[in-house]
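Here it is, the structure, as structure tokens.
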Amino acid sequence: MADICSLREAVSGLIHDGDTVAMEGFTHLIPHAAGHEVIRQGKRDLALVRMTPDLIYDQLIGAGCATSLRFSWGGNPGVGSLHRLRDAVEKGWPHKLAIREHSHADMANAYVAGASGLPFAVLRGYIGSDLPKVNDSIRFIDCPYTGEKLATTPAVRPDITVIHAQQADRQGNVLLWGILGVQKEAALAAKKVIVTVEEIVDKLDAPANACILPKWVVSAVCHVPRGATPSYAHGYYERDNRFYLAWDAIARNREAFTAWIQRHILDTEDFEGFLRVHAESQQEMSA
Amino acid sequence: MSIYTTNEMMTVAAARRLPDGAVCFVGIGLPSTAANLARLTSAPNVVLIYESGPIGAKPTVLPLSIGDGELAETADTVVSTPEIFRYWLQGGRVDVGFLGAAQIDRFANLNTTVIGPYDAPKTRLPGAGGAPEIAGSAKEVFIIMRQSKRAFDDKLDFVTSVGHMDGGEARQRAGLPGKGPQVVVTDLCVMEPDPVTRELTVVSIHPGISREQITEATGWPIKFAANVVETPMPQVAELETLRALQARTDAAHGKQEGSES
Amino acid sequence: MADICSLREAVSGLIHDGDTVAMEGFTHLIPHAAGHEVIRQGKRDLALVRMTPDLIYDQLIGAGCATSLRFSWGGNPGVGSLHRLRDAVEKGWPHKLAIREHSHADMANAYVAGASGLPFAVLRGYIGSDLPKVNDSIRFIDCPYTGEKLATTPAVRPDITVIHAQQADRQGNVLLWGILGVQKEAALAAKKVIVTVEEIVDKLDAPANACILPKWVVSAVCHVPRGATPSYAHGYYERDNRFYLAWDAIARNREAFTAWIQRHILDTEDFEGFLRVHAESQQEMSA
Amino acid sequence: MSIYTTNEMMTVAAARRLPDGAVCFVGIGLPSTAANLARLTSAPNVVLIYESGPIGAKPTVLPLSIGDGELAETADTVVSTPEIFRYWLQGGRVDVGFLGAAQIDRFANLNTTVIGPYDAPKTRLPGAGGAPEIAGSAKEVFIIMRQSKRAFDDKLDFVTSVGHMDGGEARQRAGLPGKGPQVVVTDLCVMEPDPVTRELTVVSIHPGISREQITEATGWPIKFAANVVETPMPQVAELETLRALQARTDAAHGKQEGSES
């Protein structure tokens, strides 16, 4: 049953060193506040899973929280590289990161398999691609009826999935809408689920077939307004494209990155603190 | 209005290829620009699908990310990402997969993973994204990318997404459902796979570009079709529409480079 | 692209003798009007697929339209047997019906596989059940990662799927809501799709993540108000439980059934005609 | 109010077993009646899932079909049928699968397919529905059915849905995820599988029922636990709630027999 608590309590109680962690959100509703809190609490040895690592994992990787990453597209969307991810993979800073690369279709199917209690997924994919040569978890089977060759991938079964949603009610039922990505599947594939939300409301005013996570599949609901920033929350605020651009310069350089993490995350109390300091540094930059 | 950039020529030439009413799975960046230009000019009924979930998106400005809110707001429906890949792409509902890439070989195999050895890359690229299965399952694949010796390389360090494999009927023998790349549009020319060998062959050269420039910008001895034509210049209406789209986009997002997802 | 036309034209142009046909709707939105039109046009040798044959297939089977049936629960919900189905299976009247029985989970997965362009589905099922002994299309494979034994079933790929929905717009985009069953999967698994609708509206007023079939996956949209009767259409009318009960007596007896089909379907022009005659016979019964 | 029917006793005894807060996958008919009675009495926070898609349904009248509109209207959310079976049941989210059956054997294997040979049945039953996978994947299975020699038959003509197979650890060895049937409630008694052999054993006898009646109504020599208790009689509140529920249902649907799906 969903516990309505602070993000600090949720991360401290539910995410442990060594956990397999999925933080999902496909451009939309990326749970950045939760990512910050994991850095703030100095979690270590996390096995990260995410289709598009984005800034959220660039930060976690650069801050030394992760030992491995399963992903399918590792760029800063519309900008370029994820420099902290590349530095970890290529130069082992702050330490070596083991990567396992898949395609989007594979990852989406792997989450579906996880949510469905299956150990693997079958997809029509990878034929002619070199990815199976560098990732031996991608295999092929023959259809028992037609003999066709199809790809398989192991299910994603995170210890914990973290997502951001627009609303929860006071019991902890969660509602999201707009671009849904793989969040429902990621949540249902996991043993535990943390959801940060824009708003806690008396009653979810949801259409019949809306995307809802009932309270009994959610471990903790945390009220964190603007918790997806610099990503966006449909109906609440837009994507901070300027910050995605600015991140390129911050992350390109180890010192700049370390200073940014120190000032914005380690030296702030919580996401509200982050937003305050972030506003200050934005002002400094434009001054 | 005969002054236009090579990027504009490329985008216009690519947009013209999209049949009206086609269901088009769109990558972010150049493919998205060309597909939206087509929607605003020659193919008003094109159906744009983005891997984040929107089906039938009709954005007024170009999306900066693959999951921009406007894609959802203007779509006929928004489904989950697993559904996009399972029911719509793998289900055989996509007519045209529109891709970009960092590198392409003579049989239109694509690399978006690494330049150099996989374990010690010279350049690490973002990776596969949706491309391997778009390249496999879309009924046809269109490719748009700027041409250079580095990008048009006959010895890819990594094949991320399948084209015509090693040519001929290889793709069909491998059991791939889609027909594979049918056109590659660059800033210099338009190429199509030879009907028999499937080797990319120049079929149309953009105005003012020479065969030498194309040969120079290709990492293998590029072939020219028997009847190479000149690509029709961008028309005033096409350029105006494209420039207005870019201006609206810049006003909404701030000017920045595009990148594929 | 969806053609907006009469149900007579749609059935006549799109459903052919020998086709594999799925008419779906899980209690809700069962496309009864379309079933009637198939009987009216005397289609033959259909390979029927449907999770719950319900009255719609009892009628088609009794009228001699079908040669085989793939299904997972063959009763009159809340009432008892489907007598025409039983008579065809057990006594071969009006001719022999070949049946292939699965479970609901299997059928649901088989439609998903069909919609997903896969030749088969994997599910955790059937262990300890005798169904695989009487249905050799149910098989087992070993997970390539864990070695676990899992069941497989062939995908459903109908030549044509027929569903009923609440609304379509004038372009043929279709919206349904409430209990969705397997309709979306059944539609996307098929080569052609007929949708009968309660209403054709200028604009679908659908929430962001509603269940929509875009016009370009629909072959024909037919405006047939009350076309799901005696099933129901959420927001339009309720289930005619009385008719489900009355069906038991009609279908129990070959002569009564034949007379009912003759009067209500063969002797009526279309579903409007059926509704008129049906109202008359209801009145006679209560008189 | 000591006068109650055997059906009422059965329904009340079954309802009491449902833990509050349990996520319960409900078959139509007797299981649905018992589960809704539990929700209205001892288990107000029980979460009812129906295979047609509603999750957290709170119907005011009993559904006649597995997909009644009121199930959707009162649910927390309504998903597709494939999602119910894939993400919720197979995904391991169901605590209790609540089933009925036409026949049961001493290890609680269930038959809802045929009486007699499969190809020439004496009685053709509706078939599997959701039961095989509910029986396999729900963490526990509860069974409710009227007791008779014909229904409690040790040599089933057909096993539709798995119970404890041939007893002992057979089920676990077969790799089934759920623990299988944990209780069978009839109009005469309550049975539980023996902790070691998994053979159904009477643990509680309804008031006024004799051991002989139970033995007579069982197709094998039924065992009784060391400490058989008397099932507590239905309480006034339970009976009033059940009768009001039935009266509301009759008023809404018209009186008729129930049947499983």
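Letters are used for the chains, namely A, B, C and D, taken in the order the chains are written, and counting of residues starts over at 1 for each.
As a working rule, contacts are C-beta pairs under 8 Å (C-beta built on N, C-alpha and C of every residue); 3 or more make two chains touch, one makes a residue touch a chain.
Being a predicted model, the structure only gives us computed values, none of them experimental.
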- Note on the structure: Note: chains that touch chain B and chain C both are A
- Message: Which chains sit in contact with both members of the pair chain A and chain D?
- Response: C
- Message: Taking the mean of the C-alpha atoms as each chain's centre, how many Å separate chain A from chain C?
- Response: 41
- Between chain A and chain B, what's the gap in Å when you average each chain's C-alpha atoms? 28
- What is the distance in Å between the mean C-alpha positions of chain B and chain D? 57
- Note on the structure: By the touch definition above, chain C meets two or more other chains at residues 112, 117-118, 123-124, 148, 178, 180, 184-185, 208-211, 234
- Item | Sequence positions of chain B contacting 2 or more other chains | 72, 78-79, 86, 90, 137, 177
- Message: How are the chains arranged in terms of who touches whom: line, ring, star, complete or other?
- Response: other
- Task: Check the chains against each other and report every pair that touches.
- Result: A-B, A-C, A-D, B-C, C-D
- The chain B residues in contact with chain C across the complex are 21, 23, 47, 55-56, 72, 76-79, 86-87, 90-93, 137, 177
- Note on the structure: Within the complex, chain D is touched by chain A residues 1, 112, 115-118, 173, 184-185, 188, 206, 208-210, 212, 214, 216-217
- Note on the structure: Listed in rising order, chain C residues that touch chain A in their complex are 117-120, 122-124, 137, 139, 141, 143-146, 148, 150, 152, 154, 177-178, 180, 207-211, 234
- Contact set on chain C toward chain D in their complex: 26-28, 51-52, 71-81, 86, 89-90, 101-105, 108-109, 111-112, 123-131, 134, 148-149, 178-182, 184-185, 211, 232, 234, 238-239, 241-242, 245
- Complex contacts: residues of chain B adjacent to chain A: 28-29, 51-54, 64-69, 71-72, 78-82, 84-86, 89-90, 109, 113, 118, 120-121, 124, 126-133, 135-137, 158-163, 165, 171, 174-177, 253-254, 256-259, 261
